[in-house]
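Below, chain A partners chain B and then partners chain C, in two separate complexes.
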Partner chain A sequence: MKRILSVFLGVLTAIGGFVDIGDLVANALAGARFGLSLVWVTMLGVVGICLFAEMSGRVAAVTRRGTFDVIRERLGPRAGLINLVASVLVTVLTFTAEIGGVALALELATSVNYLLFVPVVGFAVWLVIWRLKFSALENVFGLLGLALIVFAVALWKLGPDWSEFLHSIVAPRKPATEDLSTYLYYGVALFGAALTPYEVFFFSSGAVEERWTAKDIATSRVNVFLGFPLGGLLSVAIAGCAALVLMPQGIEVDTLGQVGLPVAVAVGKLGLAVAILGFVAATFGAALETGLSTGYSVAQYFGWQWGKFVKPRQAARFHIVVLLSLMAAIAGVLTTADPIKVTEYSIVFSAVALPLTYFPILVVANDPVYMGEHVNGRLSNVLGTLFLFIIGIVAVAAIPLMLITAAGQ
Partner chain B sequence: MTDDDTFDLRLRLLDRQVVDPDGAMICKVDDVELVPADDGGYVVTALLAGPLALGPRLPGRLGRWTVALARRWADGPDPAPRRIPFERVTELGSAVVLDRTRDQLGIARLEDWVRTHVIDRIPGSRHESE
Partner chain C sequence: MNRTSLLGIGLGLLALGGCVAPAPDDASYESKAAMTAQAALSAARTAVLSTHSFSDGGLPGTYLEPVLEDAEQTLGSVRDTFDSVQPPATSAADDLRGALDPLLESASSDVTDLRIAARRGRSGDLASAADDLSGVADRLEAFGQEHGG
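And then the complex of A and B:
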């Protein structure tokens, strides 16, 4: 019974923790401009994150080694260092976007300028990372993130013609008014939002934090293959709401309020309150994950002690890295750069950085000396290789598309 | 180690995580000390760690700067990389397991410095997370 409960809890937190500021913004943006014609990209992205999260979780459970530990080992110190610098830059940019997102959500709730919340949010993030137990941190924000189910409720209440709705997902047609390059650029953004590299760092390091062993692989698979797709459905619901409410009105999303607008229309004030709670939980939870991920990555590259399973003084350098990246993120938000724009850039650069993380994971998950009986099966390998190919194309295309479309204008 | 008479040092030893008997992380195998053996091959006599071992393996200017900075910080006239005699190694797997803890080995001065000067001054640094 206890086992079933813990699996159930794991799935719930995987659903609630799936969406972050990148998913919120990208899906609402794409839904408002392209209707349902880009939902297939989100679905493809969910398949990818499931594949690679499962692989990195399995590697961590079998070997107790986090992703960056493995990256340095396979790529060597040079390529590993370039990879580390790129990954940390993207993760700190994402961290900045998440903290900005929490502050924007609090502004929505209180009408007080978001910049005033930034120092408070920053301190709260640090305090939680410093004091709260890993499992508590994951469960609390994962469960609160479930408030975003209100987008599914809103979609239901908006009552679209479901057969038409599904048809425009499976047979996507680009709106005639939009250029192909813009369509593809938003596709890249959605892909980057679904597959953000920090999610893999966090998932694999979390497996070590929670002391998973080979016995926990089955549980991890349930979390990933059930929780992530259901979390992905929340992304689709956000896009669907935007497509039904914002697109017909010609509203383009450039504030967090507009992301929540369809919920206010369909469910009313109380619904909006729940949505805002969901925004706060999702972005705050993701801020913790990105902050920890910078510490995990740097410490794992250099072989330092890391993790919340030891006292802070036993992982001093790890905590310093987290603290420094938090300061960088707070400073980033305080430049008054629009957090929604920062989010857009963070997901596109995530797409560029994806192969750096995913390639070494695939290589190690395939190493029989390392993985023993838990080495990749044929299906994982075929799909993993296929995905790496897609990720490579997306990464190469991202920057040129950004330049051609002037970042999707 | 294996029945095969070649051992791929780069794949199976270099850049591996080094841990103590309880699994606490100590350092990476930043480099190794090789001594020619009688049979014409080489024997690994020690694991080397720290910026003075890693620096020379980094490209160009970055590598030189790493070494120069580490030399400047080190005390003593002729600083050398942190050296862990190979006899300390008890297991070679996904990590290299030693029979000593980090404190017993006395390596990683940066960790000690950060601990005493920063982390220990923040309330709660000695507590487990709750």
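And then the complex of A and C:
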């Protein structure tokens, strides 16, 4: 019974923790501008993140080591360093976007300018990382993130023609008024949002934090293959709400306030309050994950003691890296750069860095020296290779598309 | 004046010229105008939708205010960006600018009225400003459609 409850909790936190500022913005933006014609990209991204999160969780459970530790050993320090630098840059940018997202959500709840919240949010993030146990941190914000289910309720209350709704997803059509390059650019952004690199680092490092062994591989698979797709459905609900309420009005999403408007229209004040709670939980939870991921990657690469399973004094360099990245993120938001624009850039740059994250994971998961009997099967390898091909195309196309479309204008 | 000074002055003039975004022909100016109308329409309709939701009791005042502030900022920046574009020296471009600029000004002013009314808690002023803004939004939409937005 205890095991079933633990699996159930894991699935719920995987659902609630799936959506972050990138998913909120990218899905609402795409829904308002392209209707449901880009939902297929989100679904493809969810398949990809399931595939690689399962691999990285399995690697962590079998080797009991962090991803970067194994990558550096397997691919050598030079390849590992390129991987590290790219991942840390993208993760700190994402961290900045998440901190900005929490502050924007608090502004919507209070009318107080978001910049005033930034130092407070930064301090709260540091305090939680410093003081809270890993399992508590993961479960509390994962469960609170379930508040975003209100978008699914709003979608149901908006009462779309479901057959037409599903048809728009399975037979997508680019709106005639939009260029193909813009359509593809937003496709890249959605793909980057679904497959953000920090998610796999956090997932695999979390496996080590929670002392998973090969016996926990089945639990990990349930979390990934059930929790992530259900979390992906929240992304689809956000896009669906934007497509039904904002698109007919000609509203293009460039603020977090616009993301929540369909919930206000469909469910009212109470629903909106739940949505704001969901925004805060999702972005705060993701801020914790990105902050920790920065520390995990750097400490694992250099072979330092890391993690929350030891006292902060024993992992001092790990905590210093987390603190420095937090200070960089706070400084980034305080430049008054629009957090939504930062989010848009972070997910596109995530797309560029994807091969550097996912290729080494496939290599290690396929290496019998590390994985023994838990090495990748034929299906994982075929799908993994196929996905790496797609990821490669997306990474190469991202920057040219950004330039051609003037970042989706 | 030596060559270096001339080169310096030339580069300075080029840099100053770069401060005003060029619009080489009527077609590209029309395209910029249509994009501007679309961005302004988005901000205006956001303000109208959120005000209606507030009036219907679906949106708290704390949420309405930042949404209106964002819409106001967007409209200001959209207008500034459009006005910084140097139009081509044709009557078509002047007509286009003459048609769009007043719409942008009206939308901006109506959203400011909405923001002031929301802060003062005057629901009557909110409703009338939202109606005015709704009309401007419809005209922005028509402008955008007419000019290929």
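Here is the rule we go by: the second predicted complex is superposed on the first by the 409 of 409 C-alpha atoms of A that agree within 3 Å, B and C clash if a C-alpha of one lies under 4 Å from a C-alpha of the other, contacts with A are read in each partner's own complex, and residues count from 1 in each chain.
Throughout what follows, contacts are C-beta pairs under 8 Å (C-beta built on N, C-alpha and C of every residue); 3 or more make two chains touch, one makes a residue touch a chain.
On a predicted model such as this, the values are computed, not experimentally measured, just so you know.
Novice: Look at where chain B and chain C land on chain A after superposing the complexes, then choose clash or fit.
Specialist: They fit side by side.
Novice: Chain B or chain C: which reaches more residues on chain A?
Specialist: B
Novice: So in the superposed three-chain picture, is A:Arg131 touching just chain B, just chain C, both, or none of them (first/second/both/neither)?
Specialist: In the superposition, A:Arg131 touches chain B alone.
Novice: At the Cα centre of chain A, what angle separates the centres of chain B and chain C, to the nearest 10 degrees?
Specialist: After fitting both complexes on chain A, the angle is 130 degrees.
Novice: Is A:Arg64 touching the first partner chain B, the second partner chain C, both, or neither of them?
Specialist: first
Novice: Quick check on the superposed pair: does A:Ile320 touch chain B, chain C, both, or neither? Answer first, second, both or neither.
Specialist: In the superposed model, A:Ile320 contacts chain B only, not chain C.
Novice: A:Ser111 contacts which: chain B (first), chain C (second), both, neither?
Specialist: second
Novice: Per the contact definition in the header, classify A:Ser6: touching chain B only (first), chain C only (second), both, or neither.
Specialist: Touch status of A:Ser6: no partner.
Novice: Looking at the overlay, what does A:Thr213 touch: chain B (first), chain C (second), both, or neither?
Specialist: neither
Novice: Once both structures are overlaid on their shared chain, how near does any Cα of chain B get to a Cα of chain C? Whole angstrom is fine.
Specialist: Here the least C-alpha separation of chain B and chain C stands at 35 Å.
Novice: Mind listing the chain A positions that touch chain B in their complex?
Specialist: Residue positions touching the partner: 62-65, 69, 72-73, 76-78, 80-81, 130-134, 136, 299-306, 308, 310-314, 316-317, 319-320, 369-370.
Novice: For chain B, which residues are in contact with chain A within the complex?
Specialist: It comes out as residues 10, 12, 14-18, 23-28, 30, 49, 54, 57-59, 62, 93-95, 102, 108, 110-111, 114-115, 118-120, 122, 124-130.
Novice: In the complex of these two chains, what residues of chain C are touching chain A?
Specialist: 35, 38-39, 41-42, 45-46, 49-50, 53, 57-63, 65-67, 70, 74, 141, 144, 149
Novice: So in the complex, which bits of chain A are touching chain C?
Specialist: On the chain A side, the touching residues are 107-111, 177, 245, 249-252, 254-255, 257-258, 260-261, 264-265, 267-269, 272-273, 276, 409.
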